[in-house]
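Would you mind keeping the following structure in view while I ask a few things?
Chains: A, B, C, D, E and F, in written order; residue numbering restarts at 1 for each.
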Amino acid sequence: MQALIEKAEVLVEALPYIQRFANKTIVIKYGGHAMTEEELRASFARDVVLLKAIGVRPVVVHGGGPQIEAMLERLGKTSTFVDGLRVTDDATMEVVEMVLGGRVNREIVELVNRAGGRAIGLTGNDASMIKVRRRLIEGRDLGRVGEVTAVDPDALRAVADAGFVPVVAPLGVDPAGLTYNVNADEAAGAIAKALSAEKLMLLTDVEGVKDASGRLVRRLGRAEARKLVDEGTIRGGMIPKVQCCLDAVSGGVERAHVVDGRILHAILLEIFTDVGVGTLITR
Amino acid sequence: MQALIEKAEVLVEALPYIQRFANKTIVIKYGGHAMTEEELRASFARDVVLLKAIGVRPVVVHGGGPQIEAMLERLGKTSTFVDGLRVTDDATMEVVEMVLGGRVNREIVELVNRAGGRAIGLTGNDASMIKVRRRLIEGRDLGRVGEVTAVDPDALRAVADAGFVPVVAPLGVDPAGLTYNVNADEAAGAIAKALSAEKLMLLTDVEGVKDASGRLVRRLGRAEARKLVDEGTIRGGMIPKVQCCLDAVSGGVERAHVVDGRILHAILLEIFTDVGVGTLITR
Amino acid sequence: MQALIEKAEVLVEALPYIQRFANKTIVIKYGGHAMTEEELRASFARDVVLLKAIGVRPVVVHGGGPQIEAMLERLGKTSTFVDGLRVTDDATMEVVEMVLGGRVNREIVELVNRAGGRAIGLTGNDASMIKVRRRLIEGRDLGRVGEVTAVDPDALRAVADAGFVPVVAPLGVDPAGLTYNVNADEAAGAIAKALSAEKLMLLTDVEGVKDASGRLVRRLGRAEARKLVDEGTIRGGMIPKVQCCLDAVSGGVERAHVVDGRILHAILLEIFTDVGVGTLITR
Amino acid sequence: MQALIEKAEVLVEALPYIQRFANKTIVIKYGGHAMTEEELRASFARDVVLLKAIGVRPVVVHGGGPQIEAMLERLGKTSTFVDGLRVTDDATMEVVEMVLGGRVNREIVELVNRAGGRAIGLTGNDASMIKVRRRLIEGRDLGRVGEVTAVDPDALRAVADAGFVPVVAPLGVDPAGLTYNVNADEAAGAIAKALSAEKLMLLTDVEGVKDASGRLVRRLGRAEARKLVDEGTIRGGMIPKVQCCLDAVSGGVERAHVVDGRILHAILLEIFTDVGVGTLITR
Amino acid sequence: MQALIEKAEVLVEALPYIQRFANKTIVIKYGGHAMTEEELRASFARDVVLLKAIGVRPVVVHGGGPQIEAMLERLGKTSTFVDGLRVTDDATMEVVEMVLGGRVNREIVELVNRAGGRAIGLTGNDASMIKVRRRLIEGRDLGRVGEVTAVDPDALRAVADAGFVPVVAPLGVDPAGLTYNVNADEAAGAIAKALSAEKLMLLTDVEGVKDASGRLVRRLGRAEARKLVDEGTIRGGMIPKVQCCLDAVSGGVERAHVVDGRILHAILLEIFTDVGVGTLITR
Amino acid sequence: MQALIEKAEVLVEALPYIQRFANKTIVIKYGGHAMTEEELRASFARDVVLLKAIGVRPVVVHGGGPQIEAMLERLGKTSTFVDGLRVTDDATMEVVEMVLGGRVNREIVELVNRAGGRAIGLTGNDASMIKVRRRLIEGRDLGRVGEVTAVDPDALRAVADAGFVPVVAPLGVDPAGLTYNVNADEAAGAIAKALSAEKLMLLTDVEGVKDASGRLVRRLGRAEARKLVDEGTIRGGMIPKVQCCLDAVSGGVERAHVVDGRILHAILLEIFTDVGVGTLITR
């Protein structure tokens, strides 16, 4: 009985957080180990379903680079990359769309449904939700790689209002109706802004942002971020993630986090504890 | 971190229960030690606020015999009892109403509010909510002691729909508009029926109903209850409690429980675990 | 038949007033003889029920000084006063709350219900509705005497929207959740402001504000009020009443009145005639 | 002041009736002296506006025989009648529609508006509201005289829900879309049934139904009505009025009355007193 | 089959226009040949019903000069005119109201209903919708001729929201409740402004506004209009129509058109094609 | 101009059909040439968008056999078939889901969006919408081939109510949360029943059902259908289509059609003409 009482205490400790996030939107970029390791996958799904059940409005956005890579390989196609962005010709785009919308998105939907939720998979071209233009990197055309110009939140709101968890694949449409591949972090950030989300969480495979001495930075502002980038302390894939968070908080999102997705229940820990499990990015 | 993850697991374990009780009404008769011991009081209040926060609709009904007794004593008034029911003359009734509506009810409202909730105190004569007739015990008039004839749930629904926790003092009005004292268990049962509650929980100072060998009975049906009463195993104050639960489930309440209110978080344990903390009464 | 036709004429004469006050909130501070003489009590209750029936939204706020005094005496407690405000120690506060919330409030609720209405009694600590801070008078601590800092109108609106008449006892809560005694005129004024009421009516035991020659002043502005106070024409308990009305109209209430509650149907007369029965206070 | 207090008493006396008729529909057939004498006209309009103001839903249906007659005369047209029903050729029908819809209906709308109400004039062919078939009297075709077959209450409900008083001219449409003249009592009865009205009131120029000795009959059932017709006590124009009321109560209207429209405020008296001013027809 | 496919193509071509005008209000001044020639009448009615069916909100406003003239003649009354405006004494006004409200308005309502719609006829004095003051022309009193001062759109909205097509006769009321004749173009313009209509269409018996060389002007701004009036190119009855359109677009109406009502389906052509059938007036 | 007028006539001719299908649900099984030939694809998309624009509620369900076949081939996988149903092992199922949900579904969504609509792609496992059990054919297990046991219409209703066109891929989930391939005709029929659709339309590559002499059967009932099957006149893939339609009309769908999808605008022709373009199946 004592064990049960202690469990009840845990529920009660969550109360102030439950009250604070009631009816608030939380956008979660889902990826990395959290998407590939079975235990982390199950923990992610249960976290999302729990949030929905207690009145929070989670929106999941996912990537799928490795799955795309694998399928291209199975089909005997090879890709080239520029600055970490895949050059996407039309044939590659077909595979991208198929894998993101028909494979990865489906798997997450099924995962959430099996955990007791009611997820609906969407892609950025459903209802022309994510608008993009062709992205040029230093003047070079990467093909069907889109840069988000706007997000129409109507479809997401309709789905969330009706009690479902939207799971979004990072595709976008240009004004001509052509579909593009979009960076998942960027899509998540743009969605968080369009929904005036309370929180944007980017699940990653690192502890968070670290300082020069390798210690986790719990809280990071714009000036400090720039310094860490200039020094070369923040580098590689972490740069766009930090930038994405800075954009989000500038655009009306209350809080943006780089979260360690390798921790079980990272989402709940970020929401229901004061410590959190990564780096909070502020304006 | 491991400790935090285990806490998150506890939240996740609660998920099926949260989903099952979403938007359901739970009527809690509050009394005994749970109302007098500080730690139990605080645990009760937090349980109620948590339930409300996650989408359950708790309604609290309380008694106040000891407090009435104490005030009558302070005022130099003495009472007589018949079959455990106070004979309530007009002067006594004034004290009853004042203590129940102005003291006990207020304290519970304040307790819940301090725990982070928004409680509104009601008494059975607000909006003429609890209708009674004068109760005769074996032909003897007990004065202003009422027997519930009907409950108009409009006021309770308005208060609960608007996001508040109703806390109800067991008073009632007769057709002439006269106020009566009502047994709190009876009031709770009648309210549970009028609201088609999912659950009626009577908090008591015992472990639950016990069989002849003194072991807790986890589940008790009508026939078995009658047998235990006839044998004298169920006796005294437990008889009307069991009767009240049987009435409730006959009247449309899904489940009725005699719960051990001396256990911390008894309410949460009853709702969020499969074992429960008392006796479930079934039809 | 002629008599009946004349009665119908009376109804028809009320039409412009009915149209003008449709869906408007009227806050009535109820007290004095209107609360103690049987005929006035009945007339008050019927007036309130009539207002509700024709689409006006009455809110009743009451005091209870004499009843508190009587109970303190019965319990053998004595009080001291500073500037007309009771010094309220914790034991006194318990009695105040019990009498206001459990006795006076209950009696008014029952009175209105018996007149055919559906009243719900509230106190300022229901849903932490009336927020206060400890009031100091010339630096002296009066104990649990609160000064209203804010009113959260949610609970009042929910109750009034659902078709009930709110009857409010003047209690308040401080940020720590402690309950305080509040001056009833002040509570009524603050509620009227929070609800953007059309009218605030303070029922008193005098004809209204009088000028130096003892004649009733029908309409009184800020400058004139100050002059009458400075001259000593307005004095004693009338000073805070006039101040309360001035505050209310400054805070968005359309009209505030000091009304002679000793006149039968004073409320209806104030609303349904052009003459009114007291003094209108304007900015 | 005493006079004013007595007026307030009158308002208060109306309370139970106001509560009883809240949100109830009352269909009033308006005609006779009440429509032609200035004082009665004004009294009628104020009664209707008062009802609307206190939450009752009045619907006015009017005739216009004399006005049609006068216009036909001015235009040099003569009519023939069969059993009190005008034979209506196409040219006559044009005049009927113009006078009922453009003259009488307009005057009543303006009358109600000037009394402070917001009336909207409708005719039975607005939204094809009153459906008719050609009426044959003993096999004889009377031209464009319709017999009501159905009433579609949508337009009336939309107008009344939006806060307006519908004023209806007794026209109807046949399945081919041709407009017909309809007896106003019949139209009022059919509308009352379609709206499940609480009350149907036919304003007439007599005291009510009288018995053989010339005394007013306060209450009249079907059997008694038949007897009075067979005896020749009820005769002429009163026969269809009584029949219309009997039809209405058989069709779901709570109460139907033949009311003396020559009395000032006849409508209010019928609603706000127990005596009433005519004959109540029951099933 | 090919013919049917071509018909389907036509429907599909209408799609962008249907989407653009969804839920938009279009005010149509109906008059001239479109109101008198059978084929044009039927085409008008079907156009209006079609618009309503596909989600547009049409409001019809009509005049009736010729019909008034004819009735005045039948009744042996003659009128005088000032600047093209009828001098309207009280007896004339009676005829005006009767003909507009009881004849012309009724005919249009019936026409629309027979075409499958659900029209409700209103006049400007229903619910005191169109407010006017007496119009003086160069200081001369024209009798009951009103100048629109305001339009209360409540009644129109209630009727349109409930799924009906409002058909409005151009009458108005002054503050004293007296009814006035109003110019139909002016009424239509004022209604379009009050409803923030997407489009105001004045159906006329000419092709549109023409330039000095007699060619149709497709689009006309304020400066150009003034020039054409000064030159005498725009003259007579076209001057107030152009002015009415200019007022409307200044007052918030998106687009105003002088349309050639002699063309079959002029309304649909104006809405569903890019060419249109008259002159677009812009600010 | 004459050409335009004729186009307007076409719109007007559609009016009765528009009124009849307002707010009605039409489920369209999309496949065959209509899905592969460019002109037919465009015509299909515009038809769907037009229906939505005029107030009809289209739901599109598609198959994708050829596309699945092609992808399996590209990936070097071969399949076996039993009675025309693919044996679907787990690896095949992955491809099925990816192609249906990520390729075919996406293409249709983009097609409809480019035609001016707002489509949202769903699959039967979104929100666990299509429930299935494993289908056995004559006792033989076909792997992940599902038989529809129920459809939960919540997600479809939410999407359609919010103004979007749902496009559904025929997948389903079993009670264990495993995804299955479902026959598209069967899915469309089950969805039509769950939504109480007005119409189910199966687009095919034939003219419709033909009789023994090769003439198109315009209307076909159960008995007649059985006869044609028994005779061998209906055979092959047409048998399950006819059965699916019979099931649908037995289950509450108003009308079910086998439609010739090779005709341009087949959907509009079926809805907006009396002849239709295939075979109507009735109970």
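Simple rule for what comes next: a contact is a pair of C-beta atoms (placed from the backbone, for glycine too) under 8 Å apart; a residue touches a chain by one contact, two chains touch by 3 or more.
Note that this is a predicted model, so its numbers are computed, not measured.
> Which chains make contact with subunit C and with subunit E at once?
Joint contacts, listed by label: D.
> Where the centres are mean C-alpha positions, what is the separation of subunit B from subunit F, in Å?
Taking the average C-alpha coordinate of subunit B and of subunit F, the gap between them is 56 Å.
> Taking each chain's centre as the mean position of its Cα atoms, how many Å separate subunit A from subunit D?
68
> List the centre-to-centre spacing of subunit E and subunit F in whole Å, with centres computed as mean CA coordinates.
Chain centres of subunit E and subunit F, defined by C-alpha means, are spaced 46 Å apart.
> How many angstrom lie between the CA centroids of subunit B and subunit C, rounded to a whole number?
Taking the average C-alpha coordinate of subunit B and of subunit C, the gap between them is 34 Å.
> Which parts of subunit E, given as residue numbers and ranges, touch two or more other chains?
If we look for residues of subunit E contacting two or more partner chains, we find none.
> How are the chains arranged in terms of who touches whom: line, ring, star, complete or other?
Graph shape, chains as nodes and touching pairs as edges: a ring.
> Going by the contact rule at the top, pick out the subunit E residues touching subunit D in the complex.
74-75, 94, 97-103, 105-106, 109-110, 113-114, 118-123, 125-128, 154-155, 158-159, 161-164, 173, 177, 179
> Inside the complex, what are the residues of subunit D that reach subunit C?
Listed in rising order, the residues of subunit D that touch subunit C are 1, 4-5, 7-16, 18-19, 22, 43, 46-47, 49-50, 53-55, 116, 263-265, 268-269, 272-273, 275, 277.
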